[in-house]
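The structures considered in this document are given below.
Note that subunit A is present in both complexes that follow, paired respectively with subunit B and with subunit C.
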Partner chain A sequence: MGFSDADLAAIWLTLRLAGVTTALLLLVGTPIAWWLARTRSGWKGPVGAVVALPLVLPPTVIGFYLLVSMGPNGPVGQFTQSLGLGVLPFTFAGLVVASVFYSLPFVVQPLQNAFEAIGERPLEAAATLRASPLDTFFSVVLPLARPGYLTASVLGFAHTVGEFGVVLMIGGNIPGVTRVVSVQIYDHVEALEYAEAHWLAATMLAFSFLVLLALYTLNPTGRRR
Partner chain B sequence: MSNLLARFKLDRADFSLDVDLDLPARGVTALFGHSGSGKTTLLRCIAGLERAPGGYLALDGEVWQDANIFLPTHQRPIGYVFQEASLFPHLSARGNLEYGRKRADSRMDRTTLDPIIELLGIGALLDRRPDQLSGGERQRVAIARALAVKPRLLLMDEPLAALDLARKQEILPYLERLHEELEIPVLYVSHAPDEVARLADHIVVMRDGRAVAAGPLTETLARLDLPIHLGEDAGVVLDAVVAERDAQWQLARVVFADNPDAGVWVRDGGHALGHHVRVRILARDISLAVTRNSGTSILNILPGVVAELADDAHPAQALVRVNVGGAALVARLTRRSAHDLGLTPGQIVYAQIKAVALIG
Partner chain C sequence: MHPNRLIAPVLTLLFSVSAHAAEVSVAVAANFTAPMNAIAAEFTKDTGHIAKPAFGATGKFYAQIKNGAPFQMLLSADDETPARLVQEGLADPASRFTYAIGTLVLWSAQPGYVDAQASVLKKNQFNKLALANPKLAPYGKAAVEVLTGMGLIDAVTPKFVQGENIAQTFQFASTGNAELGFVALSQVMKDGKIANGSAWIVPAKLHTPIRQDAVILAAGKGNAAAEALMKYLKGDKAKAIINSYGYEI
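Entry: the complex of A and B
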């Protein structure tokens, strides 16, 4: 027994999706988390709540609204069509966009915590040493927030690997394009192929455990002074 | 125009700052006051870490802040030492110094750090991380880091306040060397009279967000109308020169810079003849007599003239300023003694000095 070609395609697709999504999330999440950590604006509450929504909403709700807005008649769909990109649902790109929304809090919140933990003083010290704000961000904030980035990357990646509802709503079930591991397992079970389902499911279980184990043992939280 | 002009007005819910200062841009100027008097806020305004709209700040005629200009902190040619060392924890001591050196206004190569490293005695610490340094060592690295940017003005916010007594004693000699060797002006925030006495040339006394007295240290400390009460720390600081050393009794005679005829015997600190020292004489250590006493253990008895009398904080006590040659001493007496002796300005008295501290 082992993995079929379809299984391997699903695994490869899942890793690709999670990798691209995590990379995008770190890029998008950094300014959001920085703003949330530093702002005194009244918008901090509402923005923080919106970012956290995927934590509590059923994935089908997020998937549904993304589907509607990215569809041919939705605002995002109109926009992508005007750019000549077509519509995003049932494509890999659509899956990436949906995953970014779905995993956003898992990246933003660790980053925000890391930024807040740095505090004001290192930034002030850097300013008195002639570092501009941008210079300070790269030379002081990023190195000090490294544990936060590790946590954010691992959580963002693992959470994307584990999504199912959003994928089904946005991506459907197209082999090699949108059929990720979780969907593949679902298919196996539907077809009563329990052995195949076991292989994939056990792999997922082991992967998730190892990722979290690495996170908890490698991350030096609390050891810094 | 070698001066620092600073005018700031800040109104916060629990605190207000209102100062208009013209400070000499040389030597060490102490911003002295009790906690909450606004000295740190003033320092932060000068550094640009705090925004005081409508303020004015210029060093040597170069404007850093006025109605139209606000130079951000990273564009001001300052060095800043925080109360806690605030070293970057992800960099070694050397990395912290290099961080400043690389960003200094004038390009400097690595060797320019050598005299700074030497001055603060941190050569052996450079490869350690901040969490492997003691509190005193961290603060020395922090001072070196502030100097590594080649500042034109060094701002120090109670650099010793977070340290215990032993660490303070460890750092003070380095600060004194800084005082002697540094060519740039230093603003030194402190609430500790002993630090100010050892390090400062000028003093600004702060209270409730206002500068209530300012001037050269020796003159200002000899004022009897200082608006804050120093309590047991009331006393004068005098610049002096070692004039004589007595090997038999291990004593040295230091004469006051303003009047070489007047001087006091102190414990020989090993300084060479002609060496400049500072002595601090507390008001509580001086008693006054109208005739010269003999048969006393007191070594230093100086004839002088009563210049001024004033009430002290406690109604039982009075402060008396006595001119001894060109130098002024302040003595604390009970008002009853002052009355019994019939002290009046112009009267000749003998200042009996029980203790003299040789500092720096």
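Entry: the complex of A and C
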């Protein structure tokens, strides 16, 4: 017993999805978190609330709206079609877009906390030394926010690996494209292949535990998010 | 209408409901959602009993029933699941019967997209074809048989998107995310005709009949409402509703 080829394909796909999603999330999440940490604008509340929405919305709501809006008659779908990209549901790119949205708070919130914890003084000190804002960000902020980045990457990655409902609703269960591990486990259970389901499910459990254990052991400040 | 003529049936209804109303919780295959809602309403009107349907994938219901779900009756999407439940002693063998034979349809939300010869399949110019997961759902299995029989399976398999049950498959097609979908005729039929979009009703000879069996589960043994619903499903009124949604019986 062990993993079938289909299981291995699902594992590889899941790791690829989580990797791409995490990389994109760090790029997208950094400016959002920075803005949220520094701004005094009245938009801070609404933007923070939108970022946190996936924490409270059921995946069925997110999946449903993504399916409808990214479909050929939805606004996002019409936009992607006008760019000649076709529509996003049932594609790897579609899953990436969905996952970026779905895991956004898991990356933005630790980064925002890390940025807020730095405070004004190091930035002022850098400014008196005539560092440009960009230089300040790379030489002062990034090193100080490193624990925040570690937490954000690990949580973003792990949360994407653990995604299920949204993928089920917009994925279409295509081998090698949208059939991720959680969907594969679901299929095994539905088809009463409990032995196969156990292999994947236990692996997932061990993986998730080890990732969080590593995070909390190596990065005590990561407990806050 | 004279008030007296209204009072009598109302009294009868009230009386029958309060006197010997029983409840039955029924696990119902997703493809049978619309007819079941219609039947449940008539059933309560005629017998005073209450049927509480839960809709979903038959495979999931099987796993739940095996693990102690409190369903008293199963209206399956296939004939294998009830047979297996009987074999495992989880259902009453005497109660098992075929309540509907499903009809498969190739459907598109776009009017005029699917014609009566299904040439859209042969031309193969669509992007996505939705079908229920053939490993889990009888309508998906039937769709694969049809495509295999037509010699198209290799050409169209890369375009498959699979719903975990027939309801999700219909959702993929109705939102237009898949141009085509193999769904249940019951999902697109209203009052004896295709309600919208375009469809090819797949001839029954192209696949193994989708026999949908009902069975009373161990938890429903001796439940008056379960027995009444079984009987009701075999009656003319229920059959007329079932037929109007495109099932054979």
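We adopt the following convention: the second predicted complex is superposed on the first by the 220 of 225 C-alpha atoms of A that agree within 3 Å, B and C clash if a C-alpha of one lies under 4 Å from a C-alpha of the other, contacts with A are read in each partner's own complex, and residues count from 1 in each chain.
Definition applied: contacts are C-beta pairs under 8 Å (C-beta built on N, C-alpha and C of every residue); 3 or more make two chains touch, one makes a residue touch a chain.
None of the values given here were measured: they were computed from a predicted structure.
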First, second, both or neither for A:Pro89, with subunit B first and subunit C second: second
Touching partner for A:Ala131 - first (subunit B), second (subunit C), both, neither: first
Contacts of A:Ile174 with subunit B and subunit C, given as first, second, both or neither: second
Contacts of A:Pro143 with subunit B and subunit C, given as first, second, both or neither: first
Touched partner set for A:Thr39, first subunit B, second subunit C, both or neither: neither
Set of subunit A residues, in rising order, touched by both subunit B and subunit C: none
Residue ranges of subunit A touching subunit B (in the complex, touch as defined): 121-122, 124-133, 135, 139-140, 143-144, 224-225
Subunit C residues within the subunit A interface of the complex: 57, 59-60, 62-63, 127-128, 130, 133, 135-136, 160-164, 168, 171-172, 175-178
Interfacial residue positions of subunit B with respect to subunit A in the complex: 47-49, 72-75, 78-80, 82, 84, 86-90, 99-100, 103-105, 130-131, 145-146, 148-149
Sites on subunit A touched by subunit C in the complex: 67-68, 70-73, 86-87, 89-90, 168-169, 172-174, 186-187, 189-192
